[in-house]
Amino acid sequence: MGRVVIDKEKCKGCFLCVDVCPKKILKKGTNYNSKGNYTVYVDDPNNECFGCALCAKRCPDMAITEVYR
Amino acid sequence: MTKTAEKVLLKGNHAIAKAAINAGCQCYFGYPITPQNEIGEFLSVEMPARGRVFLQAESEVAAINMLLGAASTGTKAMTSSSSLAIALMQEGISYIAADNIPAVVVSVMRAGPALGYIFPSQGDYFQTVKGGGNGDYKTLTLAPATVQEMIDYTYKAFYLAQKYRTIVFLLADGLLGQMMEPAVLYDYPYEEIDNSDWALDGAKGRPGRWIGSIHRSEEVLEKKVLELFKKYDIIKQNEIEYKTLYAEDAEILITAFGSVARIAQAAVKQAREAGLKVGLFRPITLWPFPEKELYKFATGKKLILDIEMNMGQMLEDVKMSVSGQAKVEFYGRPAGFYFTPEELLEEIKKQMEGLK
Amino acid sequence: MAVKESSLIISGYGGQGVLFIGMAISNCAMDEDKYVTWLPSYGAEMRGGTANCTIVIANEEVASPYQQTPDYVIALNAQSVEKFEMKIKPGGTLIVNSSLYKGHEKRTDINYLYIPANEIAAKIGEIKCANVVMLSAFIEKTKIVKIESLKKVIRNIISASKAKLLEINELAIQKGSEYIKLPVCH
Amino acid sequence: METLVFQKPSSIQKDCNVTFCPGCDHGVAIRIIAELLDELNLVEKTIVVSSIGCSVFLNDYYNLDIIEAPHGRALAVATGVKRSKPDKFVFTYQGDGDFASIGLGESMHGLSRGEKVTAICINNTNYGMTGGQMAPTTIIGQKTTTTINGRDPNLQGYPIKICEMASICDGAAFVARCSLDSSKEIENTKKMIKKAFESQINNQGASLIEILSTCPTNWKLSPQEAHKRIREELYPVFPLGIYKDKTSK
Amino acid sequence: MTKTAEKVLLKGNHAIAKAAINAGCQCYFGYPITPQNEIGEFLSVEMPARGRVFLQAESEVAAINMLLGAASTGTKAMTSSSSLAIALMQEGISYIAADNIPAVVVSVMRAGPALGYIFPSQGDYFQTVKGGGNGDYKTLTLAPATVQEMIDYTYKAFYLAQKYRTIVFLLADGLLGQMMEPAVLYDYPYEEIDNSDWALDGAKGRPGRWIGSIHRSEEVLEKKVLELFKKYDIIKQNEIEYKTLYAEDAEILITAFGSVARIAQAAVKQAREAGLKVGLFRPITLWPFPEKELYKFATGKKLILDIEMNMGQMLEDVKMSVSGQAKVEFYGRPAGFYFTPEELLEEIKKQMEGLK
Amino acid sequence: METLVFQKPSSIQKDCNVTFCPGCDHGVAIRIIAELLDELNLVEKTIVVSSIGCSVFLNDYYNLDIIEAPHGRALAVATGVKRSKPDKFVFTYQGDGDFASIGLGESMHGLSRGEKVTAICINNTNYGMTGGQMAPTTIIGQKTTTTINGRDPNLQGYPIKICEMASICDGAAFVARCSLDSSKEIENTKKMIKKAFESQINNQGASLIEILSTCPTNWKLSPQEAHKRIREELYPVFPLGIYKDKTSK
Amino acid sequence: MAVKESSLIISGYGGQGVLFIGMAISNCAMDEDKYVTWLPSYGAEMRGGTANCTIVIANEEVASPYQQTPDYVIALNAQSVEKFEMKIKPGGTLIVNSSLYKGHEKRTDINYLYIPANEIAAKIGEIKCANVVMLSAFIEKTKIVKIESLKKVIRNIISASKAKLLEINELAIQKGSEYIKLPVCH
Amino acid sequence: MGRVVIDKEKCKGCFLCVDVCPKKILKKGTNYNSKGNYTVYVDDPNNECFGCALCAKRCPDMAITEVYR
């Protein structure tokens, strides 16, 4: 049981987090944030996230600001 | 000068690079720095394509010394850089000057001091014209104001370097380097200078030559410096260049160089249209500075208004030249803010008020 | 002869071909024997993802290629509108890519011209031509240079080998200028 | 109840806005260093020496005492800082161009002197900030804006091997090369930096961590492709590993 | 200033080193170069003996950057060097200036340009006073003329550096560095300046501090430069220093600095004995140059005769200051030949002839 | 009939006055280089890059084309010379301070780039010309005018190992350390320089010969004692030998 | 008060203690509250094996410590005579170590004073004291400073621990000044 | 049978040649040359020099200008 907090304004849409998530619950978004970047979003209907924080540790922009378990 | 070729839209940095190629520059050494990277990037393609040398040095200190080495063999060679990185070349520049080696250094100024930022600026007038290397030497300095002049004065820089066996600076700024403007890239118009009497090429059938600056006796060293300055006197006699606009009958004479001169020129025109007697004196050779010429034009004027993109550097040469013949005022901003002609016109009007 | 100078800033995000259309209109001006300068934003500034260039066209040597208060701004994306809307000279014009900006007009002392450039470009099958659409519309509107010059310039730039690309760009010019000619958009 | 298992390290600015290009590994390096400062309790005794390159804006990220070194001179500046304040913790954060091109002399001398500082060198095999020119670390065949046909050893010579050279310096206590191309390597990089930091804390000498890092923008690759390039093209030229370790002795 | 200690025979270079120690200099970084090696050699023994730092850098580029690092922590620190090697420091100097870091640089001039030789010279006035680093900045410059003044102005250099958070040059030459003269090594007479509000010492219980020169916005960068120049204005108001001898009623006013000033002083005395109305104006702060003061003294004079051991460098500041109020002539030799008072007297007489 | 078995090499100045101190090995190095120029028929195509140090007055000895490089920049100057005149033969003659202290960056980069030049580095473990200060090569414990109690690694760090570092550079074709302390070593030094020169002639890359050499004046030893010091104190720290040889490949 | 300045160059080969006696007489002058400067030849110049220093003693601040035409030259070896004989001011004096120089006088407008310093020093058992012998003779001859000052200075410089050395130096002073007092050497 | 030519004006009296001569026929002189240096001299009454040139190759001052065999 985990949860991630994403600051979309900081997300630059590199989608590196998408690749590392073992549960494949991070998805490439198609919306821009105010800076004109596509952003990532969480799609975790089954609560699969287990707070491994791999995504946060991969994110170069510190856009995944918190991970809970 | 024959201008046979067509007008093309050219970027200032590319204009320099292309002119260098036309001028027969055989070796280029440089280290990346904004806002002049296009020069090196362009030459990294075009020089090898012509069997010439492009070499990215490990630093500006290395680049200037590679230039010293290449030019000492009589090879036309140049480097280009900017501001804080030119600072690192000062020792090498002093060597090139002392050694009577012809070499071209392109300086595309950015805003300082220190790292500052990549905005255009004219903050390196002192650095270029007054030196910063050690000892008594001078650097012939040409200050273009348009992309066309980037070509014209790159050519001239190579020519004067060879002619006087001296270091020549082409002093531009980020604005001139980055902008595009129509310009004609004509052929190199100057004669080639024979250098077989001094260049190093292996002492075949002649005694060895030494190019160096150390002289253990006061007599010899003094003689060398005096000879250097004799050369400088000849350069002063022959090579001073400047332009004026409505300078004769002006009441207020503006002094400005490089990219600021073109803005000043527009301001002067606007002033004239507004019925104000304003003129422009634009030094093109910053060293030798058109001291006597400015003195002449300044005499009798109500005011000399020096305008620079810095805190007042050429100002000192202006003051020295004017030598009390007129009041001298300064208007300048140091970091990337370009004046508009309107802003300058405002300042001119303000100064005119002040005169009453 | 009095100095007549028009200044234009073209702005968008990297990849929208902002510098390209800036050079295109500069070439037009040159071909028409006008004085012109083109100045890009450069260096690390570009890393933000936006790019812009400033074009000044005049009947005498251009005083300053750098302009803080341009006569015209062509804004290819929303950020560009935000960056430049307030800087336009009173009486000037902001040309907006209305496909990407839906905001409100903040000024009353400038003109607004909306071009749904992305849609127009999409219609002709090449979204990348939105820039040329914008430029053509701007030229048609202001007549700063001739639309014929633009066609010639584009023809010169895009070499013969890329016939397809040329065709599409020519179409973009046509659509862009047509859009202006339509009564609806005035 | 939820437990917080990941958060921003304490020395990262409150509203830190990372201005590197999307997917650039610089940001990861900056974060793991900050985490280590927390873990080793160094935050309030650290003086950072920033350098000239994409990392010049360290002060946008770190809420730490920072001094900006001129291009290439980070180890000289760090020497001045540490010699004047031997009880502080000092590290540099430099690009490969900064460290190994213009700064090679300062870097090798700093290591040889055994200055009690840690150098972090982000090796992205090009000059990121100035637009992707050749760096001393550009590998043979690599295309950059000043080697458009790929680096040719006959014209531009061979890449500098940073760790290999550094390990010759007797004053260096810990030298390692690592990478940020995968989660595993990020973990390992953090371990290596930790060893380097500890060697400084224990006054064992100078330390250097070279980090293979991406520059998607100038490599003209997606962040994902860029990581792949590190594994496929850079690993063979710049093998990962510990090049010198005097810490246990 | 309390001068409690005894007179001792002291070498100029040692005087600087000893004064630096008394002034509380905690860190010295340097690289060998004649004619100032005694400074480093002395400190290599005395600094470690006091638990302070002596470090021989691998180069002058490294030395100036070590100085930047050490001084950024609020530590009193200095470097010393000469001519061509100072040239290598220009980038670092621009950084120190831009960063508002207090630091002392001792420059013991030798003859140039380039390698030249180890003879004394004054050929680095431009290098020191006009810069050579990039952008708009100034270097407070003190020019001693005796061994006693080497002590006095080393003290003052440390004080002013701290007081204004600025770089201060002590500009000497090989003669002053190598000679011995009786001098009194009194205690450091100035107050200590608190630097806890800016120095880096690890951000303990406070937000982090950043010392740097990059500023990405024109607004911020311009503001920084303007602030720098506000500081410079205050320095100009407070710190200008000069000496005169018979300057009021002189017909000919000699200008000279540093070691040449002492010779000029003797020449002036001889001239007065010979009934010639000659006076001396000796700037001690070269920047800020005593511009207004010289203007005042120059007004009404028949001639200003500037004398330097170079080809005419301070001359430009003299001309600018005199601003047409009097004729300005120059007498100088560039490389190691020291004038005798008699020689100068000859020149004075010749000039007086010329005036008739 | 008598045959002339030894005479001054042709490129030595007619009335050459060697101005090194009595017994200083600099003079021997200068002579054997001149002999090799004769043997390899290089005299009329050589451009020498002199440097700043006791060897600055090379033009007093050589009747050759010579350019004086600023302190430490000999390999940069040589690069300029050779790149502009690839058909000439170019060597530098430098002190250890020049090559490995202020010039370390230029030296290592010149070697890494594989410039077709030969660097001769006279390692006398101190700054001869300026009066015997510590050099980057000063060994631990050695007394100099700036290390009067002997070099202390905790204060002044460790000596730079020139050949060891140079051999890391992929552009270097031939790297060797030799000595002039005995007739045998003089012979060997000449052989090594010859190999280096040949590698340049064959365009194989950069070459470096480091020569352990005496400074009787600043070591405060007789010339004889100075040679002994080389054998007893320097050999262990700076082992003689070929450090890199790509010439046969 | 008119400026009165005397200048002296002391020259010899390295090891003859040229700089030392230069400092000694400078200290004497200082102790007598005179103005004095001492300037050595320095740097690579010294490598030739010769060394010299220039001392200027005056009743006002010394103008220039550097003197091309000194009043006095103390030449401790032959090379020094050759180097400086022609540079002495007319009316000046060349003090020659006649133990090491046997040449002819080249000028008629200066005075020559010959001191067989090596022999005198050898006689007191320490050839290294030739320098002090020369200096003492010079002082005795010119009275530029007091011979008593020299004794005091030497006593201060040579610390108590080196009693033997001090003794021999004092003897050298005595012998040097005595030599001048002897009628024969005038 | 050999012979060496020594330019005594160039000799600086380092006596390195003395040490290397296998025949020990080079001797330390006690006379100065005009530059004030002691110089070496040849003392070869039995014509032992065999022109090995070791002396000349050792001399740092090129003072042994020629060797004959």
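Annotations for the structure displayed:
So that you can tell them apart, the chains are marked A, B, C, D, E, F, G and H in the order they are listed, and the count of residues begins at 1 in each.
We take it that contacts are C-beta pairs under 8 Å (C-beta built on N, C-alpha and C of every residue); 3 or more make two chains touch, one makes a residue touch a chain.
Since the structure is predicted, the reported quantities are computational estimates derived from the model, not experimental observations.
Think of each touching pair as a link: the shortest run of links from chain B to chain E has 1 of them. The count of contacting C-beta pairs peaks for the chain pair B-E. Averaged Cα coordinates give chain B a centre that lies 59 Å from the centre of chain H.
A separation of 37 Å divides the Cα centre of chain A from that of chain C.
Mean C-alpha position of chain E lies 53 Å from that of chain H.
Averaging C-alpha coordinates per chain places the centre of chain D 39 Å away from that of chain E. Those residues of chain D in touch with two or more other chains are numbered 21, 56, 68, 70, 101-102, 104-105, 109, 130-131, 136, 156. With touch defined as above, residues shared between interfaces to two or more other chains in chain E number as follows: 34, 55, 58-59, 61, 84-85, 91, 95, 99, 114-115, 212-214, 216. Those residues of chain H in touch with two or more other chains are numbered 37.
Here chain D touches chain B in the complex through residues 52, 56, 68, 70-72, 101-102, 104, 127, 130-131, 133-134, 136, 145-148, 155-156, going by the rule given at the top.
If you check the complex, the residues on chain B that touch chain F are 26-27, 29, 53, 55, 57-59, 61-63, 65-73, 75, 77, 91-92, 95, 99, 200-205, 207-214.
Those residues of chain C whose C-beta lies close enough to touch chain B in the complex are 2-3, 23, 26-27, 30, 35-40, 42-45, 60-69.
The part of chain E that touches chain G in the complex is made up of residues 7-9, 34-35, 118, 120, 146, 174-175, 178-182, 259, 262-263, 265-267, 269-270, 273, 338-341. Those residues of chain B whose C-beta lies close enough to touch chain D in the complex are 31-34, 37, 40-41, 44-45, 48, 54-56, 58-61, 84-85, 114-115.
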